[in-house]
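Letters A, B and C name the chains as they come in the text, with residue numbers starting at 1 for each one.
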Amino acid sequence: MTEPSAARAWAVIGLFERPEDLLRAAARLRGSPLGRVQAYTPYPVHHLDEALGLRRSPLGGMVFVMGVLGALTAFAFQYWMSAVDYPIVTGGKSPRSWQAFVPITFEVMVLFATLTAGLGMLFLLNRLPDIFHPMLASRAMEKITRDRFALALESSGGQGVDVDAAKKVILELGAQEVEVLPLPAPAPAAPLNFLLGLGGALVAACVLAGYSTYWVIKLYPELPPMSHMERQPRLNAQSPSGFFKDGRGMRPAPVGSVARGHRPYLIKTPEEAARLVNPLPRTTETMEKGRVLYAVYCRVCHGFLGDGRTTLTSAYGAKPADLRIKRLALAPDGTIYHAIMVGKNAMPSYAYELKEDERWAVIHYLRALQRAQDARESDIP
Amino acid sequence: MAEALLPEGLREPALTDGAITLGELDDRVLSVPETRPPAKWFAAFALTSAISAVGLACIAYTLYTGIGAWGNNSPVFWAFDIINFVFWVGIGHAGTLISAILFLFRKRWRNSIARYAEAMTIFAVICAAIFPLIHVGRPWLAFWLFPYPNQRALWPNFRSPLLWDVFAVNTYFIVSLLFWFLGMVPDIASMRDRAKDPRLKFAYTALSVGWRGSAEHWQHYEKAYLLLAGLATGLVLSVHSVVSFDFAVSVVPGWHMTIFPPYFVTGAIFAGFAMVMMVLIVVRETMDLKHLITMYHLEVMNKVILGTSCLMGYAYMMEGFTAWYSQNQFIHHAFKQYLWGAYGWAGWTVLVCNVLIPQLFWSSRLRRSYPSMIFVAAAVTIGMWFERFVIIVMSLQQDYLPSSWRLYQPTLIDFGILLGSFGIFFSLVLLFARVLPVIATTEVKAILPGYQPAHGGDHDRA
Amino acid sequence: MRIAALGALGAVGAALSYFAAGPARFWVNWIVWMLFLASVGLGALFLVGLEHLFIARWSVPLRRTAERVSGLVVPAGVAAVAALGSLRVLYPWTRPEAAAKAVLAAKSAWLNVPFFCARTLLCAGIWAFSYRFFLGGSLSQDASKDPAMNLRARRFAPVFMSLFAVTVTITAFDWISSLQPEWYSDIFGVYLFAGVFLSGLAGTAAAVLHLSGRGRLPGVRGDHLYNLGALIFAFTVFWSYIAFAQYMLIWYGNLPEEIVWYKSRVEGRWLPVILFLALLRFAVPFAALAARDAKKDGRRLLWVAWLVLFSHWLDLYWLVYPELGIGPRFSWPEFSFALMFVCAGLAWMRRQLTLGEDMPTGDPFLKEGLEFRL
């Protein structure tokens, strides 16, 4: 055991073998004028706090207050979010349904309380972390955490402990060994090279991570996971598709199917069709509807006035009919209806574009066009 | 009356085999992390890591293709993902029971197994947390579950039990971690003072936050431990109750049961004890800890398993009785499905594994034999997994709308993730066994015979 | 003597109420008080069984008191047999029109008068037997000092626990839940158990403090009271947990056949009652016993114990009384019943407190129990 030359020390530590000895010694040393009495044990020894006359831990009160605070915080936040800031009814429950807020209130209460108990104990009450505490530099520490019970007289206020007096007292109390921690208080050695290396490695890792993140984002600006849902095989309107044998994306209606709003058209010849009668009354609404539909579907070939003056160029090839000619003006409505349904010469069928009453409306309008351009003198009022 | 005069059934059993001194305890427990693990350990770790890799690969596949890779269908929207979540969270509860509830009851036999059980809690919660995370489909958006101010001016739905779960499980994980770490601080301080390598010593010093074991430290520490135990007890009740609310607040027949909260908590402790049991047997045999984890410890745990099994039996009985007593045709139908439906075998497995097989433990001989312990523990683990299967899949597959009834079939990916979660769990357990002190040495030191000052001394007047 | 006089006064008032206020009101009060006596006795009996099951040693000095309090199951059993007269008055499933309701007709295999009576007799018999078993063994040990009794009690304890669980559940379903026979809640047995154990603990604590105040329990210290207080604290939380879980699940599900039970118990004039119950049964005991020293403080524990007993009565009142459909009332019939049953209970306890020694002197663990330190 090395004796420090100074008569005063940071601490004088005595080691005991049995907890009973420590308790007895602690009770006797309590209130010693030589220095602050501190005991160190490998595990909590019952009644040591009484022997040393420690104040009771205030942790219970701290935890209680923080628990209440946690509960209030959680409840207030839930209430404010669900009933004030964005009130919404879910599950048929009122926005102010306090019952549903209870579980989270409880959890947050426990969270606040436990964090206070655990971290408050370590950091506030025990004033840890303190990894350079002088005691950690003592040789006694290795025995304390193993199987020895230590009683120390520690310097309070920096003026140190009288070594000789303290040693005498502690030995009298039955300590098997005594260790003196000199002034100025020693600190446990830190492996500097190791720490520097560790710090360097950390910096290098950060730099590396930063650079790789930068380049990954630069090279792959978008990495959408589960993108196969967007890129799955699918049909686009008006586009070819390799999926079907005929190479068409849009599918023709199956044979014999009837579209909504349409009736099967069983008439084969214009003669049969001549018997059909226009079922629509000749009202202003019908005329207006016919005008619009004529403009959409017929005008492009048959012209504004039904005169066959097409807006198509000659590249189209066919010459659309002049609807004003006598033959057509005298033709029954059914014949024209048949032409719309099955087409005529180069004109395709408009059966799918126009519904039944729309066809008849167009025919009404067509009659008006024909009549308007075949005016007689008697028409003048 | 002297202990020796009592009939054998009443004697207070020794908590350690033979006399052990404080130093010997350290040498036995804390020397483990200081030595190189044996080849057997590496073999076991390689195996569990390989199993974890299978699970992680299946998870990666799920993330890449989406959860269509699983067997979930309509109306069985919840299946392996939620079953495994409930299963693993439940496993964790045994650790909290041992470390917190038995601490409050001053059951001193808990001290030598508490550390292990706490570690298993944390690992089990890690395994459990995987499942809701991948269950949401797009885990990178899981932060939406937390109420943070956002540009959409939206808040999560606090009336949803699923959100309660987020808070409960997160709190549970944080608190368990804190409890575990605090318990380990003095032990790491012991390892610090044993370490010879200055780098290691410094690392342990930092990890033990400079713990010195002064009387004041211990005083606050004990108070904190008591408070944490009390709070953790409430928490452990609440966590599995909240998990049960996920089901019970709905009106799905078979889910809407008022007994669910305590019944889930009991089942969780039951399953957790079985898991702790199996791991403990392996630890005890391979790590030379027979003197510290004695046959008495195992026997008491078996009694707890027996007791919780009886409580499970009570819960099943009440559910069955209420299914009849309610005269509600939907509940009626659901319960007939449980035993005589397409998955009826699962219902019977649950009854046999959870209620019948643990009754073997009425015999003290079977409570003390390894084969029967392992048999019962394995049966309970299987039974409790199937219990969640019964509750979740069988209640969902036949809902109120018969036209949507559909059977459920898990895929290989489902099984792969389940297997992988076991791999992750046991990898972490193995790692823990070699890296940190597996027995709370300071807590065991405090209960070793002769190491607490006897009562009635001159200091004991208060 | 005063107790007898007051009790007689109460009995006269109760008898009058049968004619003046109607048989329904008479029987409702009777059932509330019968269940109250049974709860205190059963809770104490459970405490005794628990001690044997866990071989608990700290509680040995208090065990005789718990055994004596558990004797309340005897008058409670008598009251239960008498209460069978209420079946035709209070219980809708006994009425002829119940057969017309499909749900009730289907339940008649369980809810029928002979089976109900058999169940009641069986439960009362099991309780009386368990009480005799634990108390008788313990009393004979006073003289014989034979530790074999502990072993016998320990073997019986798990059996008793199973029987206890079943009988308390049957009591809850039969006497309380079937007042509204369409309603069901499978936690209800556990709900009643929480109240039973809590009131048993409170009854034991009150008796222990009564005796130790008279110096009859030398050696019972703050450490023992701490454990009793901690159990009361823990089960206060447990009761609140079960009560809230049942309420919340039914509130959330909002199914008509379930919610109707709470509709008649948490709305209108019953709302103040349930709030008061939450305050008395959860908030006040929780706050009073939260601190460590509070649990060791005999004076505080005493008033908390009486508060817990009162709140258990209030709980039973809240469970049973709404079936009358007249809202919460506390008038002279209720007061007479309170007087009658409280006096009967106290008189019975006075007799019980003379049984055997004040502590189980023959128990081999008594010394260890007295030396118990936290």
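Please note the rule applied: contacts are C-beta pairs under 8 Å (C-beta built on N, C-alpha and C of every residue); 3 or more make two chains touch, one makes a residue touch a chain.
Just so we're clear, the structure is a prediction, and the values are computed from it rather than from any experiment.
The interface holding more C-beta pairs in contact, when A-B is weighed against A-C, is A-B. When you average the Cα atoms of each chain and compare centres, the chain farthest from chain B turns out to be C.
Taking each chain's centre as the mean of its C-alpha atoms, chain B lies 34 Å from chain C. One inter-chain figure worth recording: chain A and chain B are separated by 29 Å, centre to centre, where each centre is the mean of the chain's CA atoms. With centres defined as mean CA coordinates, chain C is found 51 Å away from chain A.
With touch defined as above, residues shared between interfaces to two or more other chains in chain B number as follows: 234, 241, 245. Listed for chain A are residues 60, 91, 93, 100, each touching two or more other chains.
For chain C, the set of residues touching two or more other chains reads 248, 252.
Within the complex formed with chain C, the chain A residues making contact are 60, 64, 91-93, 99-100, 102.
Chain contact summary for the complex, chain B toward chain A: residues 21-23, 26, 63-66, 138, 140, 147, 153-155, 157-161, 163-164, 167-168, 171, 174-175, 178-179, 181-182, 185-186, 189-190, 192-194, 198-199, 201-202, 205-206, 209-224, 227-228, 231-232, 234-235, 238, 241-242, 245, 442-443, 445-446, 451-454, 457-460, 462. Residue ranges of chain B in contact with chain C, taken from their complex: 1, 5-7, 9-10, 104, 234, 237, 241, 245, 248-251, 256-262, 310, 314, 318-319, 321-322, 325-328, 455-456. The residues of chain C lying in touch with chain A in their complex are 244, 247-248, 251-252, 254, 290-292.
For chain A in complex with chain B, the touching residues are 19-20, 23-24, 26-27, 38-52, 54, 57, 59-60, 63, 67, 77-78, 81-82, 85-86, 88, 90-91, 93, 97, 100-101, 103-104, 106-108, 110-111, 113-115, 117-122, 125-126, 128-133, 135-136, 141-142, 144-147, 188-191, 194-195, 225-226, 228-229.
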